[in-house]
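Letters A, B, C and D mark the chains as written, and numbering starts fresh at 1 in each.
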Amino acid sequence: LATLDPVSASDLAALEDVARARLDRGAYDYIAGGAEDEVTMAANVAAWSALDIRPHVLRDVSAVDTSTRLLGTQVSAPVLVAPSAMHGLACEEAEAATARAAARFGTIMTLSLAANLSLEEVAAVTPAGPRWFQTYMHRDRGFTRELVQRARDTGYAAIVLTVDSPALSRRGRDIRNEFAPPSHLRVPNMPPAPSGDALDPDLLALAAAFDPAVTFEDVSLPTEWSGLPVVVKGLVRGDDASRSIAQGAAGVVVSNHGGRQLDGTIATARALPEVVEAVGGRGAVFVDGGIRSGTDVLRALALGADAVLVGRPILWGLAAGGEQGVTAVLTMLGEELARAMAFCGVTRISEIDRDLLDWADRPGRR
Amino acid sequence: LATLDPVSASDLAALEDVARARLDRGAYDYIAGGAEDEVTMAANVAAWSALDIRPHVLRDVSAVDTSTRLLGTQVSAPVLVAPSAMHGLACEEAEAATARAAARFGTIMTLSLAANLSLEEVAAVTPAGPRWFQTYMHRDRGFTRELVQRARDTGYAAIVLTVDSPALSRRGRDIRNEFAPPSHLRVPNMPPAPSGDALDPDLLALAAAFDPAVTFEDVSLPTEWSGLPVVVKGLVRGDDASRSIAQGAAGVVVSNHGGRQLDGTIATARALPEVVEAVGGRGAVFVDGGIRSGTDVLRALALGADAVLVGRPILWGLAAGGEQGVTAVLTMLGEELARAMAFCGVTRISEIDRDLLDWADRPGRR
Amino acid sequence: LATLDPVSASDLAALEDVARARLDRGAYDYIAGGAEDEVTMAANVAAWSALDIRPHVLRDVSAVDTSTRLLGTQVSAPVLVAPSAMHGLACEEAEAATARAAARFGTIMTLSLAANLSLEEVAAVTPAGPRWFQTYMHRDRGFTRELVQRARDTGYAAIVLTVDSPALSRRGRDIRNEFAPPSHLRVPNMPPAPSGDALDPDLLALAAAFDPAVTFEDVSLPTEWSGLPVVVKGLVRGDDASRSIAQGAAGVVVSNHGGRQLDGTIATARALPEVVEAVGGRGAVFVDGGIRSGTDVLRALALGADAVLVGRPILWGLAAGGEQGVTAVLTMLGEELARAMAFCGVTRISEIDRDLLDWADRPGRR
Amino acid sequence: LATLDPVSASDLAALEDVARARLDRGAYDYIAGGAEDEVTMAANVAAWSALDIRPHVLRDVSAVDTSTRLLGTQVSAPVLVAPSAMHGLACEEAEAATARAAARFGTIMTLSLAANLSLEEVAAVTPAGPRWFQTYMHRDRGFTRELVQRARDTGYAAIVLTVDSPALSRRGRDIRNEFAPPSHLRVPNMPPAPSGDALDPDLLALAAAFDPAVTFEDVSLPTEWSGLPVVVKGLVRGDDASRSIAQGAAGVVVSNHGGRQLDGTIATARALPEVVEAVGGRGAVFVDGGIRSGTDVLRALALGADAVLVGRPILWGLAAGGEQGVTAVLTMLGEELARAMAFCGVTRISEIDRDLLDWADRPGRR
């Protein structure tokens, strides 16, 4: 495996190859797979590629700056680490490695509720690094309140509230592989499982603790509890986004959970424009799902997103090279974004707009 | 074959694999195949998948109810057993097994004219279970009248009149296989064959007994004869649907016979909206063809169908595990529908509407 | 080869397989191939399949009649034999076999200028059978005049003037095969080759005799010379069709020469509607290219064609079974058309209209 | 290799096969490859093929003339040699062979800044042949000024200023091949590399000499320095084209650098119409990218281009047969154009217009 140097891997597809070779089948498939027929998962990727770019030329691009400010946090590029479960599947150091890489790159690490390290452990690793904490609303609201307050107390700057999981999806790969996380992995932020073992990652049982009765009225609770801004993650509709903001959310993430929940859901690139329009500048709009290059980041920003979240590629980097691998992924995306901006004649994030895309005549546009 | 447990088969495609392994080639192909180049058969499936879903979030979905009322009959989910010939090809118990599974699940069994059991035999198996009876209009109207009256007398709640078969289609698989049903199978509801043997399933000869001169004026005959409501099955046009209702039909089934009659016919998912619009609430609208998941059921309901009929998957279940296999299929579809509803933020069938689909801008829409 | 019975071959694709096995590579490819990248040839076939059908139900179709009248000639079905070169490549009897089959089926045989039998020889074989004669306009107008007058004198009822060949196309298969017709084949209707050998099928040399300066003004010449109606073959535009009719043509054939001339030309199914509209009933409109089933015939008629011409399938029948094979092809197409009409609820050719197609919302429609 | 006679190679694809066999992998891939996932490179080719042609018939095409005048230079056909780097990779004679073939055919040779021969050496080979010189704007404006003045002094008739390369693209093939030009190749027109060795083709280092701060204000500089007209190459937008003309450019080349810079950029065939409209006759409009046949040339002209530039095919010809091979490529394209014009009923370049394309209803049109 000496030749599988993640830092020199020339693109994300190559990094995924390295990760696939290093991970066992069950873990690889758990990360790579989606729900049902994986139609939405594939559509996410394809929808970005379908957006043709119309670069500007003859503009001074001698200094390109990818940095931007997101909910008060300065980042080196609008590329965030998406919350994803159990980084311990990919690397022994788990979320500690990811968090260090994010901090070094200068972007936000979004820690998952289902992380293998507690939010305090991750905070201790990167006390200054920008961090957000992702959670679901539990049936036991008190449990969620405590989590949110622990997040505030350990320096997480925002709460990402995932709302696309009122039911368990069926993921064929995991069923066929009879996948269960390795027994040494803990999920210390999650509530005690029915078995009484608070740390066992029996995710199905644990997911039963999420409240399917959560509504827009609950969106403001984390802020009430902690003073932290809330970002609602997992919507694809303008009306839902607008209502989330009206109920106190500071932003939304256009997401179909990477195609892991309801297969058949619209691709995020196609849903993004109506959300941007509905939010109308009243909050931040993020997007994830299928982002595989810096050019995809530019496309998302051209459609009006403030930033993107990246999930699976982070885990490929982590599997291939730990902290260094994640750094490689983030650096690659940042450099590609800078290059795409230079090719498009724009030097600042705020200059990226929809006119850079061949969008106006698409039959499927809104 | 011990491992081919249909109840644990994780989706319909896996069940079809089991069925394919168990059935002989001729029987499998008779069930699986379509007319000519099988273009319409494939288009049926693809047309549902092409409908992107736009789920709602942050609605209380702690209690999802898939039950609904169809022409006065309460069902546990809007998923009916489509009429299909000769269940004896798939299972020794034939339609008795299917009917028991439907009754247990709580949905309507539509018995085919070409069943291997008489309508009285099936009625005896599930006296209370909701049952409909499907027939063609025969040249000998008296024969059809008797069938319809026997259906009423044995508790069938509606007559499904199939109208898409004025000619014999050419099914390449059956021709290549020189397919003939096994000699032990009888089709006791059908009229005597020209050979004089009333029970021989020489379907080609028997089909000659269907009247190609049946018209809209004949739609009300079954009701006149029996008092039972009539559902006209096998149309894809708004004008034909509207006229069927005007002539006394209680409902229609948008159907191209699963792609088994005129290859090149429009996919049912594409035809459904104009039928829904034309009927305008004056009757029930059902649809079949290519439904392969609970998410497809939700799509059909979102386009305005009251319920779907499922054909081939029922037979895969039957071949794989008899009554238990059919139960598995219906349960799977019902649970998937409930899950898709939860993901979409709807808790009752009546809340499913077209706004859940990314429909408005489709170039091919009506 | 005993099992390759063309009469029992169940569809045209199977017949082509038989023909491919019987013909040598050069001859097969000469018939099967098209110009350049064969894009137009493939598009012709695909464009018919793309037209979804919306059948009517509940109409009396107990008597379906496919017969129709074309430029004064009654045919059993609107399916004509297209002019194609050198039937001797496929069958020793050459055009004599084709003509007998056409006459028996009751349709028009269009004899090609490049036939291997003289127009008098073919007339002698089917003195009563409806026949048309196809020619180009030669640089030597007197030669064309004599041909046309010989056609009239031997009972040909119309002249088909092909106008899509002002240049030689490049057909890759023939180039790679270094194809030359077998030396025993003659093309007795064509003018003497520069070599002086009037009967040598050096088609390239002979094609040089066609006049690239022929214009709309020349369309009426065959009628002036012979009194026969002229059908202009090889156009895909409404304006050209309209002008042809205005200049005295009795009809037009929408054709791109089966994809054998300018590759990249629009598929005939897509060009047909604008031609029908432009002609506006002032003349007959025929179409060829990619017709592979009776359902395709119905589609062409639904778009407004009066009849279709069939080329390659005739030659597959001829290669597979001589006269019997051609009869099988024509019978198959006629029966499929009758069946498709019954499925669509129409009993006469004149009842087939555009409303049978899902045409209105197609983005590419005119 | 005796059979690989380029002059008899029947189309460009065959010529590329010959070239692939003759070149080493690194050189072949350097020429054949594109940026990132090569999506734009493939889209360029596909976009021309997607344009269906609607030929006119019955027009006198006995004399077809492909010649035209471009910025004052008469050419035998509107097919120019695109500027491309290092012809020495394909043929020992390098640009000398290409230039001689272009002159013999009667078209413009556009010499690349990164040629393996100096502009004086190429001028000496074809003193009368029409030549243009391509360059980037260097950070050292004086260096560019000298180049442009040397071009004028040695008979180059126009300056092609490439503006699509403000950054280095990532070309996966070259990275995987660890491609470096052979050490014997010089790039004598380029500025000294940082290593001090002015002639070493370390293109990456040399590219650093290009000025990323070049703007529309700089477009007129080459004309100010030399009196030569400037053609701005590498734009895909109407606004950029319009501004280029307003700033003094004599013309523009719609180009995405053959898909070698920003992958995801719109195909040139799709971008061309808006550029033609924006320029509005105030300057010449050229296009390159994916032109693979004379029919593609006709399509480009039908969309309003004055001429096309051809890149990779020239290098396949060069690799396959040196000067003779390039002549074969140009002759083939010219003859195909003439043939396509004859098939379309047009005899002069000025008669080719958009009505020859099935363009009006395309959903993606502008």
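Operating definition for what follows: contacts are C-beta pairs under 8 Å (C-beta built on N, C-alpha and C of every residue); 3 or more make two chains touch, one makes a residue touch a chain.
The structure presented is a predicted model; accordingly, all values stated were derived computationally and were not measured.
Q: Given that chain A and chain D are copies and touch, would you call their interface same or different according to whether over half of its residue numbers are shared?
A: Different; most numbers are used by only one of chain A and chain D.
Q: Nearest whole angstrom, what separates the Cα centre of chain C from the Cα centre of chain D?
A: Roughly 42 Å separates the two chain centres.
Q: Please report how many Å separate the Cα centroid of chain A from that of chain C, as a whole number.
A: 60
Q: For chain C, give me the residues that contact two or more of the other chains.
A: As it turns out, chain C has residues touching two or more other chains at 363.
Q: Spell out all pairs of chains that touch, sorted by label.
A: According to the stated criterion, the contacting chain pairs are A-B, A-D, B-C, C-D.
Q: Inside the complex, what are the residues of chain A that reach chain B?
A: 36-37, 39, 43, 163-164, 166-170, 172, 175-176, 211-216, 218-219, 232, 234-237, 239-240, 243-244, 261-267, 270-271, 363-366
Q: Inside the complex, what are the residues of chain A that reach chain D?
A: Its residues touching chain D are 10-11, 49, 51-62, 293, 295, 299, 336, 338-340, 342-345, 358, 360-363.
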